[in-house]
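Shown below is the structure under consideration.
Note that the chains take the letters A, B, C, D, E and F in the order they are written out, and that residue 1 is the start of every chain.
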Amino acid sequence: MALIPDNTLITATPEEGRALAIMIARKTIGAIQPDAEVRGELRPAYANDADSLTAAGHVVAIEFATVAAANNYWRG
Amino acid sequence: MALIPDNTLITATPEEGRALAIMIARKTIGAIQPDAEVRGELRPAYANDADSLTAAGHVVAIEFATVAAANNYWRG
Amino acid sequence: MALIPDNTLITATPEEGRALAIMIARKTIGAIQPDAEVRGELRPAYANDADSLTAAGHVVAIEFATVAAANNYWRG
Amino acid sequence: MALIPDNTLITATPEEGRALAIMIARKTIGAIQPDAEVRGELRPAYANDADSLTAAGHVVAIEFATVAAANNYWRG
Amino acid sequence: MALIPDNTLITATPEEGRALAIMIARKTIGAIQPDAEVRGELRPAYANDADSLTAAGHVVAIEFATVAAANNYWRG
Amino acid sequence: MALIPDNTLITATPEEGRALAIMIARKTIGAIQPDAEVRGELRPAYANDADSLTAAGHVVAIEFATVAAANNYWRG
């Protein structure tokens, strides 16, 4: 199983970097709970709870901070 | 769907950077829960709960840390 | 509405930087819940709950990390 | 009211820096809930709840990260 | 007991760095609750709760930020 | 009471740095709740709750980020 898609933090754009941050966050959930059926059962309640959504967005924000730093914030 | 509006973290001012941080946080919630109707139904309870508001502000603070670093803190 | 008072992260002193961090955190709550009456109604419960106060202080700590970095920690 | 004691993040030692981090965290709680009597009433429950203590320690950890960076980690 | 496997934060790839972040997070839980039987009993409930999974992923994100910085984001 | 054992963030190895991070986190809990008997009473419930353990591990992750930065990630 790949925890980091394409095994790199480098992306061409901020948009791709954000998508990578979301994927990285999801892959780790998959590593902790490898049963896709269980994850699927958890999804409805979680995707319909504002605090759960905020918590998920929080993790993406942290992953994105790392990806953005890796890419020198795509400044150039 | 655009996760990062205008596909850049660079803004002219701190004010614009903060607005971007808020938008980035919201776009990710939209990516996790793409159904706008569901998001709309969640909003009243969440916007009227102090802890939910604090949690949302927490995420914006983290996004802003990234945007501010990307802009060298608009030091001039 | 101003999300970042005076549109700068630069302050003369750590004390002013901390006050700015508190203000920035509050302005974002105001952006998410623009109804001042609702915010006023939420305040008593929140200001009398230890965990809510800790959560609010947590957000200020993160905002301050950004403001302090912007000011090179006022190292002088 | 002073939010940052002595209006500086610079301390002679890590020990003093950690004490400063604790004080900074407390001063902000005092700014949000200025009524010392209320804070005193909240303390027993909070100081006897493991999760509340962990949450308070969490905030101190973030404040300390800022103070430590300000002092170049007292490397010299 | 080793808290940091191989006693280094340096890894050859982002994938290995992410796996290290997960291991570091787990080793610390093991240090706080050394009884493997207790940890095993806690696992089913935790691995079937969306918010618990998000919280665990959150910790991994923070550990990974450190590992990624240690490796200069494997830019080279 | 020492908040930072040996009054330094510098350690010889990542393993020692991680152990320091755990100790720093604990010392602050001790500063907030100085009664060792109370802390001892809180421990069983907390060490047997997955979310409490994750929250404690979260704080250690943040302390470790600071210790690791202080040591330039023990790169050399």
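Here, a contact is a pair of C-beta atoms (placed from the backbone, for glycine too) under 8 Å apart; a residue touches a chain by one contact, two chains touch by 3 or more.
Being a predicted model, the structure only gives us computed values, none of them experimental.
In summary, no chain was found to touch both subunit A and subunit D.
Note on subunit A versus subunit F: their Cα superposition corresponds to a rotation of 120 degrees, in steps of 5. Centre-to-centre separation of subunit C and subunit F, using mean CA positions: 27 Å. Here the CA centre of subunit B is 16 Å from the CA centre of subunit C.
Shared interface positions of subunit A, i.e. residues touching 2 or more other chains, are given as 51, 55-56, 58, 62, 65, 69.
Taken chain by chain, the contacts form a single closed ring in which each chain touches exactly two others. Contact ring, oriented from subunit D toward subunit F: the chain order is D, F, E, A, B, C. For subunit B in complex with subunit A, the touching residues are 2-4, 7-10, 24-25, 27-29, 31-33, 38, 42-43, 45-46, 51-52, 55-56, 58-59, 62-63, 65-66, 69-70.
On the subunit F side of its complex with subunit E, the touching residues are 13-15, 17-19, 22, 47-51, 53-58, 60-62, 64-65, 68-69, 73-75.
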